[in-house]
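There are structures below to look over.
Next come two complexes built around chain A: one with chain B, the other with chain C.
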Partner chain A sequence: MSQEFNTNLGTLFAVNLDGPSRLHRRSATQPDQSAPFSDRIDRFDLGLGMGELAAEKHAKYILTVEKKKDDIESVLMEHLRINGAYWGLTTLDILGKLAAVDQETVISWVMSCQHESGGFGGNEGHDPHLLYTLSAIQILALFNKIDTLDIEKVSNYISTLQNEDGSFSGDKWGEIDTRFSYVAICSLALLKQLDKINVENAVKYIVSCKNLDGGFGCTPGAESHAGQIFCCIGALAITGCLHYVDKDLLGWWLCERQVKSGGLNGRPEKLPDVCYSWWVLSSLIIIDRVHWIDKEKLVKFILDCQDKENGGISDRPDDAVDVFHTYFGVAGLSLLEYPGLKAIDPAYALPVDVINRIFLH
Partner chain B sequence: MHGRPRKSATPVDENASALKAAKIRSLQSQFLQNHHNNIYTKEAQEINAKLIESNPEFMTAWNYRKLAFEHNLSNQSEVDKEDADHIKLIIDEELRVVENALRKNFKSYGAWHHRKWVISKGNSSTERELRLLNLFQKQDTRNFHAWNYRRFIAGLKDISDEKELQFTTDMINDNFSNYSAWHNRSVLLSHLLEKKVEGYFPKEIFLKEEYELVRNAVFTDPDDQSGWFYHLWLLDQTIKVDMPNLVSSWPPNGSEITNTTFPIVLFFNEPVEGVNLQTVSVQVEDDIFKNIAWSPLSANKFKCGQAWLTHLTIPFGETNSSKIFQVKIRSEYSQGIISSNGVPCSQHWSIAFRVSVCHDFQPEGQSLRRILMTDENFSTVDINSNVMDLFKSYFELASDYEQPTSSKWKSEMIASEIDQYRELLSWAECKIGKLTLARLLMANDAIGTPVAPNTTHVEEVLKLYSELMELDPTHYQYYKDEYSLVFLKQVASSKESLMKYCRQYKESTSSNITGPMCLRLNSLSLSRIGSFERLLWVQSLDLSHNQLPSIEGLEALQLLSCLNLSHNKIGSFMALDPLRFLKSLRVLNISYNEIGAHTVDTRRYLCSSPLSHTLDYDKKFEEFAAGDEKVVNFWEAYSVFGGLDIMQLDVVGNVAADERFKLFLVKLLPALKWLDGEEVH
Partner chain C sequence: MDSDEDERQLLPLSQRPEWSDVTPVPQNDGPNPVVPIAYSEEFAEIMGYFRAVYLADERSLRAFHLTAEAVNFNAGNYTVWQFRRLILEALNADLHEELGFVEQLASKNSKNYQLWHHRRWLAEKMGTEAAVGELEFTKKIFLNDAKNYHAWSHRQWVLQNLGGWEDELAYCNELLEDDIFNNSAWNQRYFVITSHPGLGGIEATVDSEVNYTIKSILIRPENESPWRYLRGLYNNNMQSFVTNPKISTLCLNVLTSKVNPVFALSLLLDLISNGLKPNQDLKNAIEAVIPESNSQDSDISVTICAVLEIIDQMRVNYWRWRKNNIHSQVAEGVANLHIH
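Entry: the complex of A and B
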């Protein structure tokens, strides 16, 4: 019985480590990228004498991460397996290793997590929720397979979760949070169905969560938090409403998240954590204030969190690695223009070529 | 895994872990089977409770509990339904499961939401919830879930804002290093102020005490960030003008211009909506013009902008050339103009200027000589020339805009804070001291004299930012950007200071396109530009040899026809998005920048683009680019330059500017006469 709900990432990502894909290099059709590219290699590798990204090891780590399905972590992660699949697959794509995955297997498993309602669960047989629905759409977008979906059905599921005041509930049980506003807006934009919701009210609700420091919280009055700020800034970016953001005030708060070690924390007087390389960095990029931090120090911090022996990246140096932090570390390095990585879009959290394919055609 | 050390597991660990995993896995599959078959027996609910205790993050398991809870309530016997204690029993059981889950992980979203869900059904004790909160908030004073739950309970049980404010005071007195408490304070004080509660309205009543409270925190440990943002919020509360207002215009009040077709720009202190025929009238002599269309100068689609634009053509055809027209722009219904957070403008204003018709202009577009903004083509401005008379008219006449008057309490409060922070710096060399002092000094200058900018403290502020760049190199660029803005504020503050940067085109170079004068802000190491409200008259602008990555705000300079941006840090065509609005632009130099050199584009969401749903993808582009449409640079250039009549363009020295791209530009810009110094045929 337990096996039924227990397919794991290891079997999903039919492992093909020595396959045809190589570490991503920019193709000849983009000659414009090549010159500064080599400059950056010099700067990162020689100028600072820091370690390098163990790209091959990280790819291998992701492809084999849940082979040990008996360990407690993988059992405790089963409820958000579809998020895990999105983190892992996006990391592989950034590393130029997505071809190592058998997409048919992944897609049919993703589709098996869909419910009658149109929403997706975190795993087969689990209840649907907006959080998992976005991951499903993102995974399909990675493979250019959004048309596998009954778009009408999925977008109806999402739009019925919008409330009078513009906010979104995560599922039918009614928890409200600006995370769900982002998830709904990002999902519908990827499906080109934003007109299914009242965007103006959705934006008004997000703006009502703005705080003294220019940041945003889960609900009106809730404290600013870098993860929540990413959600709100991302949603405002996608809906063309960044004029509601005080970019200088928020930019100062965000750039002060960088601590002495070079890492970023998520709130004042907290410890740094690799995951904020995504939440803080993507927000700073969207509002064009990323030059206010020391990027090289942050690159060094992320590289210091690698497990160079077995692959994977952790929250802080010498902690245990996981897929979540491996994704945020690699995506963070991509946002920092680390050489050899595919660029990732800061608002949709998918590779730039995937986003361009959807919106610039 | 958060905060767990990386170490290889011993066989004993592995065994223990496998055992535990097997146990949870068995619970999980039993639970899912019950869930799918709607089984809510006592045993089934116990399995779920055990599972939740070992994994409080399992959302589906909480959903099951809600279903089971509803089942339990509806399946009570008739006797039980009458019995309040029985209902209480069911609720208590739920709250017990939540409490256990929270003890396991007090950051579990699912657990906190379940508690809210149960409490919302009624029949709960406020005291018990506050006791639980006190426990959790003592254990972790920054747990934002607990603070959110506290606000929820306070709302549900009508606990007063004053009482909650006292709670934050107690927390801060206990340990000032509690950002969450400072944050909640700002929320509560905003409510109290909004509701005009006695003792909190008007705001000067509480501001003084708040400054003292936060000063204690900052002075105790200047490196602790907890009070930094709160202080900045207080400063903003002190100086902010509570409504939108007009700060400048083109043409300015009392000026005289000589073009018969010209743009009208209204520049506000913040982005506003609602500038239209009903709110603003345009009158030429005695006629009110009814065919005026105002549009915001910005990339958002919700019709909101800090600067608004329209064009006016004076019907001079049948009159003789000596005629002078009086034009009046006036606010008709200023309450219709509202800020982006919904505050209406209550200021009334009126701008009057004269247009003298001048028939001897040359039609534009005739044989264009290449225009070079190099030193040898400029001379210092002749103070006796008629250029100067015109220039003076932009500055010397008193403004008619009714500016909000400054209050004595504001100046006193800021003066006292300045003294305090000077004292802090006398014994502690700290960055927050310097930064706060710089901000206080700028605030002091800003509220001093409303019409002509006051620059009393600019030199001191610039020095503070220079020191900060050395003291805190991690945020070097933040201070550098602030430095640039303050520097430009000083430059734009008066006619005299602006004249130092103005050069006159030599006769051989001057043309209808360049205008007679150029504002040369080149080689000043600027990393950011601002003070646009004082530069609306600029026709030629030299910003070359700076460090600008962006030209945000430049769209307000509607007269701009010549722009030199060479040797800067422009990273993409999207960074040139403001040019889209500059329909007068004829000469543009963007050579030696970084266009095409970056994989990350920081301007991508601040401009008009299909990605932000502010612009539709133009299908014509594919036809136009014939096979090059995959190259993003081509799309971006198409989207920014497509609507402009550029005649002279320099793009050399950018990664994106290869031969193929230059051919594309020639095709895109039919009016182009010069490209990278070569004549286009």
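Entry: the complex of A and C
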């Protein structure tokens, strides 16, 4: 089930940039960021009888999950707690509620996840891995505390994981996957240390994973999959290499992911899932083809996946909620310019103001 | 494992005599730490003892058994898997048995990255003798979920690194007979015809593959995968694609069958953009899809786009874009046609 893919993928949010320093492009209908949060929600009315985003409930849900770590799902997720923290904190920031979290405690816990190699584990006492290293960097970015890091140390850890053919291993155990290409590139870009790796080879490897349908898989020859596509497109965007992408061909493959319910699946003939609403959507935005899907229907699908009583969003309507899908649902709505939400960058998967803060100063 | 050991496994670790020298290490779970309650107490205890041996770097048999208990509880804990590998190496353990351990976990954890990576690590260590077993293992997974992405990734790795190509195309046929919509199987087909060292590459198989694909399309024309596969077969050779009469005949057959015509129309659009001149039968079939939509435009491409905008409304903007780009696409396509 895509859940497994996602929990290990971590939160990889891409930015629609051809290179790190370009401003995020938004349409003229930018939501009014100055209005009070609750006012914006009340004023929202698409006039189509659509559901509302239960923003307050979702924020409460995230904060509760953060506090209540004694239920079995939480216990089973302890090895990737730092991914969970990233999903939760970014969601809160998009909802304008990041201040509800104790920044100091979070940051000191994040730093306790760092290994002597420079990489971060999923929680304190866990082995380092690229996936958790990115989450750590992203969390620090949210709080404008990247300078807490020994940047040299973290960058070195990441760069040692690049292989001869340009691919990246997730950790010293050697698993190779284009997810790790994305994670490495995104991490180093946020740290402004992309020159620590061989970018040309990294790009070459990603391009070697391109399939004839225009999509990308985890390794050369592997089936095109929306999650992997997100990773490859995000990495190519960050390195300024989108010219390797056949945007029309890929755009068509991506827009074919939209099924009757309005949701998006990850591959042909699979079920829709809110998380694909992020991966397909962010990819489409990066390649400038998002108008090829029916945005309103997708908004409705995501809103239908909410638990409006208890907060949280699930993979599809009426399933159990979790932080992972709550994040992707809210982030997807932000990309769809749902009112009252902070803009999120589709390549870096962080709020636009966070990215601007990093690259424009 | 003997029954005495089984008995001991059921006792809490704190009561097992062979663990009496170890003090468990609790998880520091950051702000608002875990308060273990009933159903997670057993798990918390196992993890406490695991942390103790992990921190002491104790690569012993008892630690090895403990990692099994830990992953049985939570197969996602990558740190436990990694420590288990260190112990396997330190103890020079029998890797065949370990394959069995993974297999036993696989049915409930078939989409777990750590499990698959562990399997890969084992297979890599065992080399070509593992080929047959790994192909069998992935087949078992496919019996329950023929689209399991991890299993397909593993299978591709096995074929490329350990061999076993001989029956792969036949296996794809089997899977497609079970479910003609299986996109993973279609992808694997392409993988085989391009990478199988004994098949002669795509040039040698393209004709038989085209025939196979056309048959598959006619069974379920609404199936996205074979249409993409067909395009893939011709990717570098648009001219053969356009001039092969079987392709336009296929589109005609699908249109006249009245089943979902979206992919047929979409393909026709691409063919025409690349120089195909549709005959009258084809034009009639196109116009018959939605008679009311017939444009006055003599350009049949415009009609195709108009129809697609109606029957595939979700992607109306895509079809509008195609319509707006027809003339530039056709000019480019025709120019390419004449060069060859």
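Assume the second predicted complex is superposed on the first by the 312 of 361 C-alpha atoms of A that agree within 3 Å, B and C clash if a C-alpha of one lies under 4 Å from a C-alpha of the other, contacts with A are read in each partner's own complex, and residues count from 1 in each chain.
In the analysis below, a residue touches a chain if its C-beta (ideal position, glycine included) is under 8 Å from a C-beta of that chain, and two chains touch if they have at least 3 such contacts.
Since this is a predicted model, take the numbers as computed values, not measurements.
When both complexes are superposed on chain A, chain B and chain C end up clashing with one another. In the superposition on chain A, A:Arg81 makes contact with chain C only, while chain B stays out of contact range.
Shared-chain residue A:Ile286: touches chain B; no touch with chain C. Set against each other, chain B and chain C touch different numbers of residues in chain A, with B touching more.
Contacts of A:Asp319 after superposition on the shared chain: chain B is touched, whereas chain C is not. Look at A:Val106: by the touch rule set out above, it reaches chain C but stays clear of chain B.
Touch criterion met: A:Leu194 reaches chain B, while chain C stays clear of it. In the overlay built on the shared chain, the residue A:Asn356 is in contact with chain B alone; chain C does not reach it. Touch criterion met: A:Leu242 reaches chain B, while chain C stays clear of it.
Common to the chain B and chain C interfaces on chain A are residues 1, 4-5, 70, 72, 74-76, 78-80, 121-122, 125-127, 129, 173-175, 211-213, 217-219, 221-225, 251-253, 255-256, 258, 267-270, 291-294, 297.
Only residues 1-2, 4-6, 29-33, 35-36, 70-76, 78-80, 121-122, 125-127, 129, 171, 173-175, 177, 189, 194, 200, 203, 207, 211-213, 217-219, 221-225, 237-244, 249, 251-253, 255-256, 258, 267-270, 273, 285-288, 290-294, 297, 307, 314-316, 318-322, 334-335, 337, 343, 345-348, 352, 355-356, 359-361 of chain A touch chain B when the two sit together in their complex. Chain A makes touch with chain C in their complex at residues 1, 3-5, 7-8, 66-70, 72, 74-81, 102, 105-106, 109, 112, 121-127, 129, 173-175, 211-213, 217-219, 221-225, 251-253, 255-256, 258, 260, 262, 267-270, 291-294, 297. Listing the residues of chain B that touch chain A in their complex gives 1-7, 14, 17-18, 20-22, 24-26, 28-29, 32-33, 36, 55, 57-63, 66, 109, 113, 117, 142, 144, 147-148, 151, 177, 179-180, 183-184, 186-187, 224-226, 228-230, 232-233, 271, 298-302, 304-305, 340-341, 473-478, 481, 549-550, 552, 594, 596-600, 602-606, 609-614, 617, 630-633, 635, 655-656, 658. Chain C meets chain A in the complex at residues 25, 27-37, 39-40, 43-44, 51, 54-55, 74, 76-79, 82, 85, 111-113, 117, 120-121, 147, 149, 152-153, 156-157, 181-184, 187-188, 190-191, 194-195, 223-225, 228, 231-232, 235, 313-318, 321.
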